[in-house]
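Both complexes below contain chain A, partnered by chain B and then by chain C.
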Partner chain A sequence: MTWREHLRNLALLGACGIALGILPPALSVYLRSFVLFTMMYVVLALSWNIISGFTGYTSFGHVAFYGIGAYACAILVADYGWFWIPALGVCAAVAALVGVAIGYPVLRLKGPYFAIAMLGAAEGTRVVATVWDSLTHGGLGISLPSAETSMETYYAMLALMLLTIVVAYAVGHSRFGVRLNAIREDEGAAEALGINATLYKLAAFVLSAVFPAVAGGIQAYKVLYIDPPSVFFVQITIAMALMSMLGGKGTVIGPILGAVLLYTAQELTWVNFPTAHLIAYGLFIVLVARFMPRGLMGFAIDRSWVRKGMVH
Partner chain B sequence: MGPSADEIALEARDLRKAFGGVRAVDGCSFVVPHRKISGLIGPNGSGKTTTFNLLTGLATPDSGQVIYKGENLAGLKPYEIFRKGITRTFQITRIFREMTVLENMLSVTGLRVPDRVARERAAELIAFVNLGHLRAEYGGRLSYGQQKLLEFARALMTDPDLILLDEPAAGVNRTLLQHLLEHIHRLQEQGKTIVIVEHDMNVIMNHCDRIFVMDYGVKIAEGPPAEIQRDARVLEAYFGRRRRPEDAGRPPGAPRMG
Partner chain C sequence: MERSDVRSLYLLGAFLACAYALPFLVGAWAGTVRADAAWLGILATVVVSGVMQGGVYAMFAVGLTLIFGVMRIINAAHGEMVMMGAYLTWVSFFYLGVDPLLSLVLTLPVAFLFGVAVQKLLLNAAVGAPELTGLLITFGLGLTMIYTVELIFTTDFRTIPYAPGTIQLTSTIAVGRNRMISFAMAVVISLAVYLFLKLARLGKAVRATALNAEVAMVCGINVRRIYLVTTGLAAALAVAGGALVSIQFGFNPETGVVYTLQAFAIVILGGRGNYVGALIGGLMLAVLENLVSLMVPNGTAMVELAAYGLMIFVLLIRPGGLMGVKEG
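Moving on, here comes the complex of A and B:
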């Protein structure tokens, strides 16, 4: 891909950023929060995609990092009186450290074993959050002092989303990203071509842990109350995976499209078919899996609407 | 009288590797001559591919040494061995199926060059193996022969010193094979050392300077092609033992008793 194309894409992203930046005053409180959560799911799906889409290690436990971020922010703001924005930096740092600690052993496993180990790791962090009373207040959860206008968190999430997109794009279109793809396709052959798979996988894993943690921190400050079941909710991991797969794993546009479409679909079915929304939602997923097994981007690539590969 | 140190590219000393009860490589030693094309042959299951795996770190030897540039490589990781200048292809191709031809080429590490130079080199090599028109196609969509060529081109990305080719001729059409063999000779002229595992005896006998023959995990013979073609142990390993007077009356292939 040429510099011209990269610049065009960056300009496009900038335009979206400006549009989303001037939007809030025109939105109702409900819609503002809807857009915020859509942007949050873009962050989550894109992050999940770095380790699971680019690198092929399907994680069923990525909510762990989201929960850790939510707790780091809530504890610093509620118990230590921090201002919330610097607390988000701590969210990222803690997630990176925990990412190394979990990733180093667990990334030795492959396929379903890795997926299940990550499910266990997420449950483990939830249990720690529940029983470590002195730090997390256990099952009581944490209430944050109310100080927010619903604008601040909106702009924070917008900034985080733009940063995540830029990072995911840079990774996807670099030789680093190509090597992550090589690990996904055939780890043994990748190592025989000089790729230190252990190191590359760990780097991808840590990258994919940091952004969800910051998203969790912003979300905690927005909803003002967190407890273990709400921020270590398995459904959040499932959403990350489904959104990436709907849009097309291993691409940059795919998870963004998937997050926007699926979160919107979820909200619409919930609003319009309150009694049957899970059935409608489930049917939607079954249809996508049947007719677009490689997601929207895979569907487009197979029809040559989009070029194959990330690096051209 | 053995070859002197600067004539040796790589030396395997008493390599052993067992998988469960199967001793795939069972005390194999050989010296790969520097800047020459060597062939490694032997019946199916004689331990050729396992030997390649031991040399490149894809399998760790139970014992023995692999001496390369004065250093023992046994026990190093594949990517460490690769970065010392040894590269390989696989018997059953291991190209990256859901990556384009160009991406396959660019995935290789160890090129300390800017992106632009890496791309130019990739483009040159892709064109050389006649895959230029397929650079944006998925590796998995190529024919088997084309995948072999892609793997060969990919192995050359870093300008390695020692190139191990596991059955490069299998599934490649004759014209392309000729082209590939010419390139192998050109690499040799540039000072590279090449080792080929191959069942195609035309390739082995006409293009190798030295041949190693393996059977049951050990080297049973070694020499220039003309010598190997006459070697009784080699013929026996490939075709079985010549029928002897005491075998008279038994159908061919029947087990010998005692």
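Moving on, here comes the complex of A and C:
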């Protein structure tokens, strides 16, 4: 891509950012939190996409980082009286450390074995959060001191989302991203060409762990109560994967598109069909994975609406 | 065997020894372990009932290992098939008045057809695709099953009162009659399936496809048909497991999730696609879980950790598991 195109995309993103920035006063409290959670899912899907879309390592336990971030923020704010914004920095740091600790051994596994190991790691983290009473208050969960937060968290999430998009875009269009794609296509060949696959995989993994953690932290401060089942919920991982797949994994625009579409659809069906919406959601997952595993972007590429062989 | 292969097997053995020693150490530290005769009796009872429970675990893990071995698909809906089996048994017990064990005659063909339909409509597309496709398809299927059952039967816990009372094995070891019966059933069913895989033409074709689908195709095996049979058989085994679960534990629509994860751990421990490995893995996991819940304080939450820890460490030490082939 040329610099003109990069500038155009950046301008587009800036315009979206400004639009979302001036929007909140015009929105009701419900709509504001709806937009906030949509942005959160954009962050989650995009960061999942860095390790699983760009690098091809399907993480089936990414919710672990989201939960760790939520817990780090909640513990610091509720038990140690921190202000929440510096706590978010700690969230990112903790997630990066845990990312290295989990990623270094587990990234040696490939394909379904990596997916299962990540699932086990996420569920294991949930159990640890339940059992480690002295730090996490166990199954009781943590209540955060109440504060007028709806505006602050909105802007924090907006900033995080813009940062994530910029980082994902930069990764996707850099040599780093090309190397990740090479690892996805054929790891042995990539190594033969002199790419340090272990290092690059780990870097991608840590990068994809940091943003969900911060999102989890903001979410904890927004919702003001967390407990292990809610922040280590398997379906959050599924949502990340499904959103990326729906939009088109391995692209930048795909997960964004998928997150916005899917979260909106979920919210609408949830409001209108409270009992049947979970069944519909399950069926929807099946249908997307069965009939369009390459997502909307794959669909567009097949019809030459967008160029082939690009990250977008 | 190569040297590295032998070494990883020793490492795995050492790890398993540590895993079994850990509950004792924690128990000794927390003061739940005593060395008197009464406590040893309790320990023996717990180990025996762990073995009984392990038979049932093995039942549903072999189904998962068949699908994983033949098609390289992780069936995330496996626990939901177990749950479905429990509900099918419950319905035939309370509405048709059929004995839970006899009801297998009714439910197994239904389950087989269900598996064949799932394979035909959904999973054929996931064979050879990236693992995410199969994972998401089966996970979505599982969610659909959970909430459909929830819509019909609500989230209440159900139980089937069956064969109450205990059997005194020795003066100190007593086991519930329902556990004995379900263990015996598990042994019979898994032996039958083992013989089928070992001796029958179709069973041999299933094993050949698991070893190498392309070579099997060249040898004239209809691989598509084998896929149908495999998933049908796996679903039937899961439902049979569900029937055995239903006569000893309570269940509700969401119990399947835990069974899926336990089955994953067992399959990993036993080795992908290895039938005997899954049987051994089932026994080992159940015994370990029972030891943990006996001796470790806060045991009920820690039981889950036993399965996840086992799964992750086995994957790291030896991804092929106890009996599996070497694999990255």
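The rule we apply is simple: the second predicted complex is superposed on the first by the 299 of 312 C-alpha atoms of A that agree within 3 Å, B and C clash if a C-alpha of one lies under 4 Å from a C-alpha of the other, contacts with A are read in each partner's own complex, and residues count from 1 in each chain.
Criterion: a contact is a pair of C-beta atoms (placed from the backbone, for glycine too) under 8 Å apart; a residue touches a chain by one contact, two chains touch by 3 or more.
Since this is a predicted model, take the numbers as computed values, not measurements.
Of the two partner chains placed by superposition, A:11 touches none, neither chain B nor chain C.
By the document's definition of touching, neither partner reaches A:268: not chain B, not chain C. In the superposition on chain A, A:186 makes contact with chain B only, while chain C stays out of contact range.
Touch criterion met: A:195 reaches chain B, while chain C stays clear of it. In the superposed model, A:151 lies in contact with neither chain B nor chain C.
Counted by residues of chain A touched, the larger count belongs to C, out of chain B and chain C.
In the superposition on chain A, contact of A:31 is made with neither chain B nor chain C. Listed in rising order, the residues of chain B touching chain A in the complex are 56-58, 77-79, 82-83, 87-88, 90, 94-100, 102-104, 106-110, 115, 118, 136-138, 154, 158.
For chain C in complex with chain A, the residues that touch the partner chain are 68, 72, 74, 122, 125-126, 129-137, 139-148, 150-151, 257, 261, 264-265, 268, 298, 301-302, 304-305, 308-309, 311-312, 315-316, 319, 327-328. Every residue of chain A that touches chain B in the complex is listed here, in rising order: 175, 178-179, 181-182, 184-186, 188-197, 250, 307-312. By the touch rule above, chain A contacts chain C in their complex via residues 52, 56, 58, 60, 105-106, 108-113, 115-117, 119-121, 123-124, 127-128, 130-131, 139, 234-235, 238, 241-242, 245, 249, 275-276, 278-279, 281-291, 293.
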